[in-house]
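Listed below are the structures to be examined.
Each of the next two complexes has chain A plus one more chain, namely chain B in the first and chain C in the second.
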Partner chain A sequence: MIVEESKKITVTIDGVEHEAQPGQMLIELTDKTGTYVPRFCYHEKLSIAANCRMCLVEVENSKNALPACATPVSDGMVVKTKSQSAKTAQESTMEFLLINHPLDCPICDQGGECELQDLAYTYGKNESRFDIQKQTKKNDDLGPLVSTDMTRCIMCTRCVRFGTEIAGIQELGTIGRGEDSNISTYVAQTVDHELSGNIIDLCPVGALNNKPYRYTDRTWELDQIESISPHDCIGTNIMVHKKNDIIRRIVPKNNPEINETWIPDRDRFGFDGIYSEDRTSDTLIRTDQDLNQSKLSNAVDKTVELLNSAKNNDQSIGVLFSPSISTEEQYLLSDFCHQIGIESIDSRLRQGEFSNDIDKRFIPHMNIRLSDVDAMKNILIVGSELRKETPILAHRVKKSAESGASIHTINSKESEYHFNVQQDLSCDDWINELGLVLKAAIKLTQNHLPNNIADHLDSIGEPTAVHEKVAASMCQESSLVILGLNAYSSKNYQLIRSYTHILSSVCQTNLCELSEGSNSIGASIHHLLNDTAGNIQNLSDILHRKHDVLIMYGIEPNDTIYKTELIECMRSAKNLIVFTPYMNEYFEEHADIIIPINTHYESSGSMINLELRNQSFNHNQIIGSKQFSNTEVLMSLYMGMGIQSYSIEEINEFIQNGIDVIMNSSERISLIPEDRESSLAPLNQNEFNMYNIDNILRRSKPLQETKEGMKI
Partner chain B sequence: MNIIQLIKKLTLIDFIKGFIVTLKAFFRRKVTVQYPEVKTPLSPRFRGKLALMRYDNGEERCIACKLCSAVCPAQAISIESEERADGSRRTTKFEIDAFKCIYCGFCEEACPVDSIVETDIFEYHMTENEQRIQTKEMLLATGDEYREQTIENKKKDSRYR
Partner chain C sequence: MSKYNQVIYSNVNESDSWTLDKYIKQGGYSVWKNILADQTNKSTDWVIEEVKKSGLRGRGGAGFPTGLKWSFMPNNDDQKYIVCNSDESEPGTCHDRDILKYNPHALVEGMAIAGYAIGATVGYNYVRGEFMLECYPRIEAAVKEAYDAGLLGIDILNSGIDFDLHNFLGAGAYICGEETGLLESLEGKQGKPRFKPPFPANFGLFGKPTTVNNTQTLASIPKILENGPKWYADFGTEKSPGTLIFSISGHVNKPGNYELPLGISFQEVIDVAGGILDGKKLKAVIPGGSSTKVLPADIIENCTMDYESLQDVDSALGTGAMVVISEGTCMVNLLKRISRFYYAESCGQCTPCREGTGWLYRILDRITNGEGKEGDLALLEDVAGRIEGNTICAFGDASAWPVQSFLNHYHHEFEYMIKNNGKTMAA
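Entry: the complex of A and B
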């Protein structure tokens, strides 16, 4: 039986013989062999509905034409996709679809990229035989992201299937029967899922569309640039659509290894933030209590002067930079500080607890590929609201859950998941629960551990059956531990991290540590390669000192969980130099020099995602707030100081070296940190908001109008 | 030189032939008109200055589908659009560069709502370079001004379209 199943079969399509897998649907085979069969309801990532009937083809020995999307191939099948009978069937289907579809293509945003429009040209008849009144339908308000024109709906139900199968929460459904059927939210509500924007791409017609983009451009006016999204550590691939060098919309780029065809809403609508009123294009210098406009060269000269005098007088200089800028910028900035001897430099704005020796050796990353997550059998999610932190990773975990993986979670609070969670150990004392799971795992595997771990674990109580169950599950093959951003920002981060690492090495699981921003790994490369002495100080040290010069590059107080401390530090600093794309009240009050820089969407470079994939982007064509690129601004600092910078080729080499170093270290943390009072008090972690994580998202109007955005 | 040529030369026959042509033209009906006092008749298909039309209720016809700007071979039309407060799709900017326009009439043919039309106005001028950009207001004003005669012309031509 098994032998028979794996046997290849032969199917003839339009007179050409093709080999096929048994059980494959006909449309999969035609797609693979390059024969196009028209379709509306079929989508390769969704289940088969076979309700649009557009893919009817003629199959020999069958009385009627059969839908290619729901017909499994069989040996010796003879299929004709372009025969008279298939053509008639397709034409008739198209005629039925067009009975109620309005002919308002000139005002429909889908016009030009509409599947119905394209297929009506190719497979439709030239004229309509229906002169009856067309149906109109009620439009639901789906919130600030998705616009609706339900009259245009052809009931393919892709959006409904997306809700049940991909989003995991059914936000849209079908109501009514026959001609009266309708797509609607059952009770009046908006679509709030973090992936809900994808129904815009799924909809083959203009029924569901991009609301902020509504009625602004036609598709043929847009140019597209391949790019990377800067809002999480996944490195989602996107297509930036621009007109007159201004971004008009963002759509997903299909990359099966990262995001498949989906992108989170924040990647799709976040770019709006770069056209915020807060953008600053003026170089400002404070003279007599007021910020006055100045030339960039003056500001650079003044910065150099301040740095020189502070450096010579052995006074303190602190540098904070964004973890979401390109690796090249981060490297240039870090190396600038390194060369002039600044040791207080950090970009870990959301890390809850610092320990230099550990942090430096173990850069948070993922030791498998994102696409491997689909095949994991046991997953433990520690300290994470995965859906909010990394929606794409959450989708991958959901896929594995659907193929039978057991998922366990431990977090400070219960969070909503769109997949089945077997054991949810979330409670206030969640770190202890994690310790108990580790203890159970050690018992199970009978590993011998160093004394300090054994002593520590003795003090936390005894594991119960629940912990043993989770531990047993983790000790099986293909298991994965995900350490989330909630843990990362926790006051006990080092302890949680040690537990996770030890658990991972005891059970020999894979390990995925999420990191803040889109390029934390890039930020750590300079430290990794150059800080052999271990002098580099961390955020906690920087925030507790009074600085003579404090430099903030691409960040603002809201980006960190230590907002009050940072504002205090800014206030107490004698000279505050800010490189920022945006103005805010704190800068207006405290900054002495403000140098405008470009946001991600106007610069170019590369970013490293959590699976250590180095991806480059080039947004140089997009009009920014100023005429200099970020690298040019940094270079002018180098020149002002009279020091040499590395060339881009050399920096790329360093970056590659850094990636190799991280990739080749399979070592895990194997000691429990000593109990220390953390000197910083991070903000309440319940305040993690997926639309407040960086300065661009915070200013994106459509996102701020969503339910999640309103909570900020 | 033979004898026939000699006779032709002496009798000035070619010369007289030429004069006869001139004499014939002298008595023929005149085609020259005293422009601008007198004007030649125009075909209803004449493609002159561009204009934007309105519906009878005063609402602008243009729905910002941008098909005219897409079809324009000289890329003379630039349009920007948005959703108006009443939810309809309207232009915020509709500009035609009169220097780029080659009066081919493709825009008129592409328009699904008969908004952009070519009137039979061919006499217009501008004194400043910037005035070559005809804004939406100017185009609508042209449409209002020559509304009757344009509609008349389009009606005459409609049976051949």
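Entry: the complex of A and C
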């Protein structure tokens, strides 16, 4: 809100005059000007409750002390935050909070990072005047992620407001009255929201805690590393808390431009998967049917030998790699293949259709910032279970809906949203519905399009009022089309994508295309900068060939929607070389060489999120499965083949160039793909499971114990 | 007796006083019909002015001038609501119960007029849950009769005025008598008061401008407009015009509801109620519902019953629910009973009230059990002082004031009980 100069008002806080904005709450002003006022229920991302009464301050001409969180500033207001009457009010609240609070700080996980404990030092008494039996309260089982010790609860209701306002689905509420008030699910049930873990951070005391982390460490024993989460294309900022070089827990790092103070549960609890029992640290080579332990150098020599012989004999080599590893690794691997002439390389493991190559220049990304989504006025979500695919983006869309945006959806099935959907065109024939919206938009804007499109649209039927409504909405200002992962994995992906791009051009909307893994954009950089001939083979081609050498880097069969085809491809390959952090039955059976690599949480590098933000991370201090870093392993391949690799500095320059290329291209797909039967039948495309999308999450015990995890 | 039961209770002794026929025979709905017929002369401003002139003050306890409260409603196209607070739950208070039972049409007409004055086309009457069997059927029947007679609904009597009225039965919580707690409850939420600002006039029911008035206040409106503001005001004093229904309970011979002019002497009120029970001496009076401060006999006996007189002796007229206490009553046990009420009825959202009311009750409980400790009285006073003024709504004050005033006037009784292992000083 822009406030005119003349409307600025003056408020005196503890004797110092400050300029304030009308309508601002007192606590916002004290926070801004650096005067600390104690609080429990107030949280800047949540609505005001004013129930804890900790932030009471003295305001001149007011008989009673007033809560800074719920008192609007007014011109000439004189506030004393540390006067005797303010202090008495604050100390009174603290005494009341403590009378029924257990004295179990020594065994409470919150100890050391407890807002109540911290403030009790300043505002509490040394001895309690309450010599009556303290209360105890019943604990609800909220599931595998959040532990409850409700006797410690101070009823600030942050967790309840989080449910209503942020999660959008109220899983916790207050029940009972007076002293018997309690936070509960009411009917015994677990907390299942994809963002539920955030109530752990919001809880100012030890009532709601991190269940897997429970009773493991004292917080002051932990070191923290800033990092990026690898479980979706959002690039969520996290803090990795470690002890003795082992990750103990993950908490959000506030980044107002990306995830604000929230992280999805999979970013918080996913890391558990790196301590799975099937981690492998042994280099293995198959001799006489059995996999035998070997030195890394032997495995590298063997790999080089196989590659050389296949290359020289013009035999087939295929490479599949993970879209969720660092761009540096992806680039090194891609360039290695490029230099020795391997053209069959891909990381698009969940793309549903490869029949046309018209999309080569169009790397899925979004052309606005994540934080811009909040202010969008019209949003169309195509082929997405947004809450599961990208919980943080879904939260941004929810914010826009709450400030009045019209949200429309088209998907193969109805999903549960935490915001109001104006038009839901989801049905079995959803792709046609999208086509009809496009047709309505073309009519509405009187655009003249190439014959190819006009002919195609002639054959799909006529739009109805509903399609026209959605089209009209998209033609307004501040509109955005989101193309989700369900569309990406559809066997008609190319057609859906063309529709979406053309709709976006016709209506002049912003466009956001979700991509698989955490770094699909990084994976595309090498190809984008080097492929002039355009003859790189794709996943479909790779899976349908019998390879002399098949290399799998950082992936396993469960990572692709073509699991059966991949397993068959692994089986039929003469030599299967696997770079993996984990063992599994397929590798045991089919792999000829197994080279252990580190997971994301033990590597360093950078990743590019969907808004083309390049973020780096450094997990070098965290103990991995082995002593070599992934780039060192890749470098040894270069040496073995006798070729030169680019330095990390050079690669970083390429990455920046690649980002610039994508960013500067505003071109959109403008053709409808020609009909061509897809050669691959994607499996389970409708069963996107948010806790089964990569090899780490799949192995995280707490996530696998959730309702969503149990569905896998 | 001509000055008693003149306004709201003027018909309560008649048979079938609650029926539409009887109400109309006594001139009922004439004001409403006049307004509907002549909106030029009986404009909304005219209604508000007349009510202002009458000096009517809110009968829910706080005594805020009603006409002024109505004038706070924003003048815009927003949906507005008039809400009647029939959640009469202040201990000792029972006058709204008789209005709902014996004169429900006065409330219906009063709400319709109030709705007209503030621009509300919808009214809700929030009725105390415990009134489910006794009062609720009467007020429901009255609303139905009014609809059937065309006095409520859309385009009432071709006037172009709409007014719908709904009764709503609460679930029995004291806190829902607090106007914003009531609004929350009416919205289907837990009855937890909202912090103010914003006030209901700006952000009320469902977030829309709302005026909440007490049953007695609204039921007074038709008579005030029928007979003119001066007629009404002249019953009372300059600052406390009009009449008030006193709910007199405790140690009197004829406990009950009496509509009396404000400014009446305390002695006259006691006489109306038949004098002190068993010819005993008066010990104390809680003058306006259990949350107002107790007054010993020698103070209250010199008071007139109006807002200013009781305020001068550091108590309040409140709801006009007088609890009369005769000699021989143990003030410690009485306070414990009152404190237990507040402990049980706290909504639990604000820390001081949630934690403090239970603490107060438990200290009093141990004193009466003979386990009182030295220092308990200072602790009681201190804890009460730490609740007072520090909560979202006035409930915190309501729980603190009895403790403070009982200790102030009867400290010796508490001391005696602590020293004598729970033995009461009152014989």
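Rule of thumb we're sticking to: the second predicted complex is superposed on the first by the 703 of 712 C-alpha atoms of A that agree within 3 Å, B and C clash if a C-alpha of one lies under 4 Å from a C-alpha of the other, contacts with A are read in each partner's own complex, and residues count from 1 in each chain.
Rule of thumb we're sticking to: a contact is a pair of C-beta atoms (placed from the backbone, for glycine too) under 8 Å apart; a residue touches a chain by one contact, two chains touch by 3 or more.
What you see is a predicted model; the values in this text were computed from it and never measured.
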Fit-or-clash call for chain B and chain C when the two complexes are aligned on chain A: fit
Which superposed partner A:R177 touches (first chain B, second chain C, both, neither): second
First, second, both or neither for A:I154, with chain B first and chain C second: second
Which of chain B and chain C A:I107 touches, first, second, both or neither: first
For chain A as apex, the angle formed with chain B and chain C - C-alpha centres, to the nearest 10 degrees: 80
Which superposed partner A:N64 touches (first chain B, second chain C, both, neither): second
Greater residue coverage of chain A in the superposed arrangement, chain B or chain C: C
Touched partner set for A:S92, first chain B, second chain C, both or neither: second
Chain B versus chain C as contact partner of A:N51, first or second or both or neither: second
Closest Cα approach, chain C to chain B, once both complexes are overlaid on chain A (Å): 26
Common ground on chain A, meaning residues reached by chain C in one complex and by chain B in the other: none
Residue ranges of chain A in contact with chain C within the complex: 48-54, 56, 63-65, 67, 70, 72, 88-89, 92-93, 95-97, 99-100, 129-130, 132, 154-155, 157, 174, 176-181
Touching residues on chain B, where the partner in the complex is chain A: 63-67, 70, 80-83, 89-90, 112-113
Chain A residues touching chain B - in the complex, by the definition given at the top: 106-107, 111, 214-218, 220-221
Chain C residues within the chain A interface of the complex: 173, 175, 190, 195, 197, 343-359, 362-363, 366, 379, 386, 389-392
